[in-house]
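What follows is chain A paired twice: with chain B in the first complex and chain C in the second.
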Partner chain A sequence: MKKSKLLTIFVCLVFFYLIYPLFITVVASFNSKDILTFPIDGFSFKWYISAFSSSYISGFSISFRVGVIATIISLFFGIPVAYGLAKYNDKFTKRIKNVFFSPVLIPGIVLSYSLFLCWVFIAKEFDMKLPKLLVLMLAHIIILFPYTIRVIGGAFDKFDFIIEDAAISLGASKKDFILHILLPSITPAIVSASVLSFITSFNNIPISIFLYGRGATPLPIIMMQDVEKYGDPSVAAVSVVLLFITIGITFLIEKTLGLNNYGR
Partner chain B sequence: MNKEKSIIFLPSLFLITILVFIPLVMLTSKSLSVDDSISIANYLELFRDSTFHKALKNTFSISFYVVLATLIIGLPTAYFISRTRGRLKNIFLLLILFPLLTNAVVRSISWMIILGYDGILSRLLNNLGFLTEPISFMYSKFAVIIGSTYIFLPLMIVSLIGVMENISEEVEDASISLGASRFKTFFTIIIPNSISGIIVGLVLVFTATLTAYTTPNILGGTRTVVLATLVQQYGTTLGRWELVSSISIFLFALTVIVITLINKGAEAVGGANEKK
Partner chain C sequence: MSRLQLNDLKVSYDGKVNILEDYNLEIENGTLVSILGPSGCGKTTTLKAVAGFLEAREGEILIDDEDYSKVPINKRNFGIVFQSYALFPNMTVYQNVEYGLKLRKVPVEQRKKQVLDILETVELISLKERKPENLSGGQRQRVALARALVISPKLLLLDEPLSNLDAKLRIEMRSQIKKMQQKFNITTILITHDQEECFSISDKVAIMNDGKIEQYDTPENIYSSPNSIFVADFVGFKNLLDVTKIGKGLYKLRNGKEIKAKDVNNAKKIAIRPQNIVVDQKVESLIEGHIKVRTYLGDSYQYEVDSELGDIVVNTSDSIVLNTGDTIKLNFPESEICVLSN
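Now for the complex of A and B:
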């Protein structure tokens, strides 16, 4: 069916709405004056130099570490659960499924505050101050857990569990089956779950609000604080760097997994 | 529970218990205690609090307008993309999905530049003669609505494309060759057949806006408070910790109720459709 002109114009406007703000950020990051504005007064690279300043770099390293470790641990816990949920179909399994997906029902900032209360409780009752970085990681694991089960579960739903019986009856051990049949068959799902989880953790702000501290402040929190102060364009420069990293990742997903598999 | 099941499920049940259930129990008991005795005083104080009333009203009206805006913008756009083929379609999908992968601060900065004092919008309206002096649109409900719409539009479009792709183009052609206009076809064929996608998008966008923190914090600040930003403001900024627990419980309960209600509604609609 041919599309009407009116619809085409409308969709062009929508894409303009989606893309133009990002374009503004890119331009604003090259301003020679120290204000966030568009159009800019003069061209300068200096905000990119301050973008690589200590606070942003340490924020990046915190976010990176939290993201990587939370992703790995949530895969470690999530893969067996996704397997179990796909394999068993009894009442107990169905009920337990809701438990595993329950973190999505809790607003990030509420979970953040609840974990903060636990931190305070442990500090008071046992006189033990848990390191903020550890608490951040634990919080991010919980945020990622349901995503992991969902993406990995999608792959297990297509898995024929008769293969398992066949492998075992032909003499394979449980370990052989897991290492040589089960895990290889879901490798693409593991890759996409990892990428998605890492990005989700890296971008999530609400879950960290009550949990960050000195030496453990994720990058988006530092950026948000600068934005609240109406800071200089260096925060825009950091954004542009992140945008390009994201473009790289999006491109990689497109090439390796295909976009149609993502987001459904 | 057999041995395999316990190996598979128990570690994660333990994880969820430690990191979700115990913290939630902690939160609930905190909200119900005043000076070490059980009391609902925190809730009573919260329900009398005028800032809370304002935040509640803002949260709902912002969520309502954002859902409406994403639907109005998303329906034609998703339809357009679902009827595009080949490379072009991949480019469109890339443009829609890309914003979902960038964080909310990055996406909100540009709106500060657009809506700020003497910003792009203010200058545009001045040049067109609607304004006589530069103004700021920041920290208004309008700013939060337009910024949140921008952030959550991709969620709606992605939910809609999936179902729209499954509507056969032959049905549309039949409708048009039988004399219906494209406009009428869109409203009588496409939209009714997209109901399941619309509901998914509705749940996603509504709950996302209901619980959103970053965008309302940056674009709404302390002037346009919503429930999520109130949790943080009463906590870290204003030190009214006694209210933070009760707002948190309230926000959590609200999210669960809204999701349950929409899902129940969806089941009712789905059931009615099947009976036809």
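Now for the complex of A and C:
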């Protein structure tokens, strides 16, 4: 089929629009001067050395831990919820579903502020200052639930629940069924949900903005503050490192599991 | 291998309305019994109760005189083939069939032999490494059958197993089911709404209506002498006419004509199949009418006749083809008439 010229131009334009800002960041990160300019004045790797400075490393470690733990906990509770919602698909569960998806609809910053108020309230009334890291994790779990339930629920919607009867008739217990059939059948969805959840948590600023504190400042917040304070290209270098980590993870999953087959 | 008895079974979904009430059925060792009926008649409920997915409120489910009504589903050792086949999507054909034996902790070597044997019987050996999503409907059906049979079940329950297959495959599969059932000599219940499907392979058929068994007999007996108006209608006696009994084996139709047939007490209706009505334009007829609709069936024509006794359906392979609006004269041969009292 002959390709339409106009369509090709459109695709190129959109592609350029998507990639161009990243391109600028990558170039800017190699600047030898300590200001952000484009094009750059000279070539240097020095910002990459500061990208691995202790403040960024600790921010990365906080973000990584929060992301991993929040993902695991949201899966642990999200899978049974998604199963229940798919299996008992009546009026009541339809209403419940809206509640579970509501954090997606509520602006992150509103949720963040609300949780901050809760923290203040608990600190005042019970004289108990909850550790900021814990609060941060709880907040991230809240925003991850809808993603987990939606992705896992998508897999369960295609699952024929008669299969449970079939397994039990063959002699399986409920536990056998869950471990041997149910979970293996939705492994692709679990992987998709994990990746999506982790990335969502790792990138999130709105939900963290009122809740971070000493020893609990995620990487995106540190980056934001540094841009305000210093404005040197080190944040550009950190961005490039993150970009390549993400590309690496996506590539690995694509190679081992084939994200395209499972994202659907 | 085992004899099944359902004694005074009461089953309900909500604990209030009984779908089955005082339900009795006895199935002899090694026979294939079909439960046939329109949708909503309770046939699937019967299967669920026997399988254990629904608990009977009262009554007994006896297998060789042992009550199974309180035995958990996973301890019953019944083979079930579901309408949607319900194969395990994460397992290969081989693993699907193997699963029941694995749970029973059958030693690896013996397990392997049993699985391969049964896959051979259902002609699936070459597909044993495939996942269910890569199988055709007929192949899935055979996996489901093999999976149910490999555990040497006490009872084989088939829930509309052929309804998702096309016409040609259905005929093949039903003979395969019969073959397997005989090979393993296994007591089997087949749930279906398809009369041809169940008559062709069943030793006995239970016709259900509204939670009750209307008739339980061999297919031949049901086909030739239904015992109720419902069964007659269900097995193809499309023409049902009101009669009054006026003597021994003698009945009067509503148009005043008399007709001879088998003597039945309290006779209310006579029934006859469309293909058994004789069309003869020359002799005196029992019923006369006008043709409303003519349809071509390939080997015969079907006429819908508007008569003085209401609509009558006639099939005839007569060489003379009648047209819409023509007068048609109908006679009922005595031997083809079925007399019904309820």
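Throughout what follows, the second predicted complex is superposed on the first by the 248 of 264 C-alpha atoms of A that agree within 3 Å, B and C clash if a C-alpha of one lies under 4 Å from a C-alpha of the other, contacts with A are read in each partner's own complex, and residues count from 1 in each chain.
As a working rule, a residue touches a chain if its C-beta (ideal position, glycine included) is under 8 Å from a C-beta of that chain, and two chains touch if they have at least 3 such contacts.
As the structure is a computational prediction, the values presented were derived from the model and not from experiment.
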* Asked: In the superposed model on chain A, is it clash or fit for chain B and chain C?
  -> fit
* Asked: In the superposed arrangement, which partner chain does A:68 touch: chain B (first), chain C (second), both, or neither?
  -> neither
* **When both partners are placed on the shared chain, which of chain B and chain C touches more of chain A** => B
* To do: State whether A:191 touches chain B only (first), chain C only (second), both chains, or neither.
  => neither
* May I ask you to decide whether A:134 touches chain B, chain C, both, or neither, giving the answer as first, second, both or neither? => neither
* Looking at the overlay, what does A:243 touch: chain B (first), chain C (second), both, or neither? -> first
* Asked: Is A:166 contacted by the first partner chain B, the second partner chain C, both or neither?
  -> second
* Asked: What's the minimum Cα gap, in whole angstrom, linking chain B and chain C in the superposed view?
  -> 13
* Where on chain A do the contacts from chain B and from chain C line up? -> none
* Could you please specify the touching residues of chain A with respect to chain C in the complex? => 159-160, 162-163, 165-173, 176, 180-181, 184-185, 187
* chain A to chain B touching residues, read off their complex -> 1, 3-4, 7-8, 10-11, 14-15, 17-22, 24-25, 28, 36-38, 77-78, 80-81, 83-84, 88, 92-93, 96, 99-100, 102-103, 105-111, 113-115, 117-118, 121, 138-139, 141-142, 145, 199, 202-206, 209-210, 220, 223-224, 227-228, 230, 235-236, 239, 242-243, 246-247, 249-250, 254, 259-260, 262-264
* Structure fact -> So, in the complex, the side of chain B touching chain A is made of residues 1, 5, 7-9, 11-13, 15-16, 19-20, 22-24, 26-27, 30, 73, 76-77, 79-81, 83, 90, 92-114, 116, 119-120, 150, 153-154, 158, 162, 169, 172-173, 176, 182, 210-211, 213-214, 217-218, 221, 228, 231-232, 235-236, 244-245, 248-249, 251-252, 255-256, 259
* Structure fact -> Residue positions on chain C within touch of chain A in the complex are 51, 53, 73-80, 82-84, 86-91, 99-100, 103-104, 147, 151
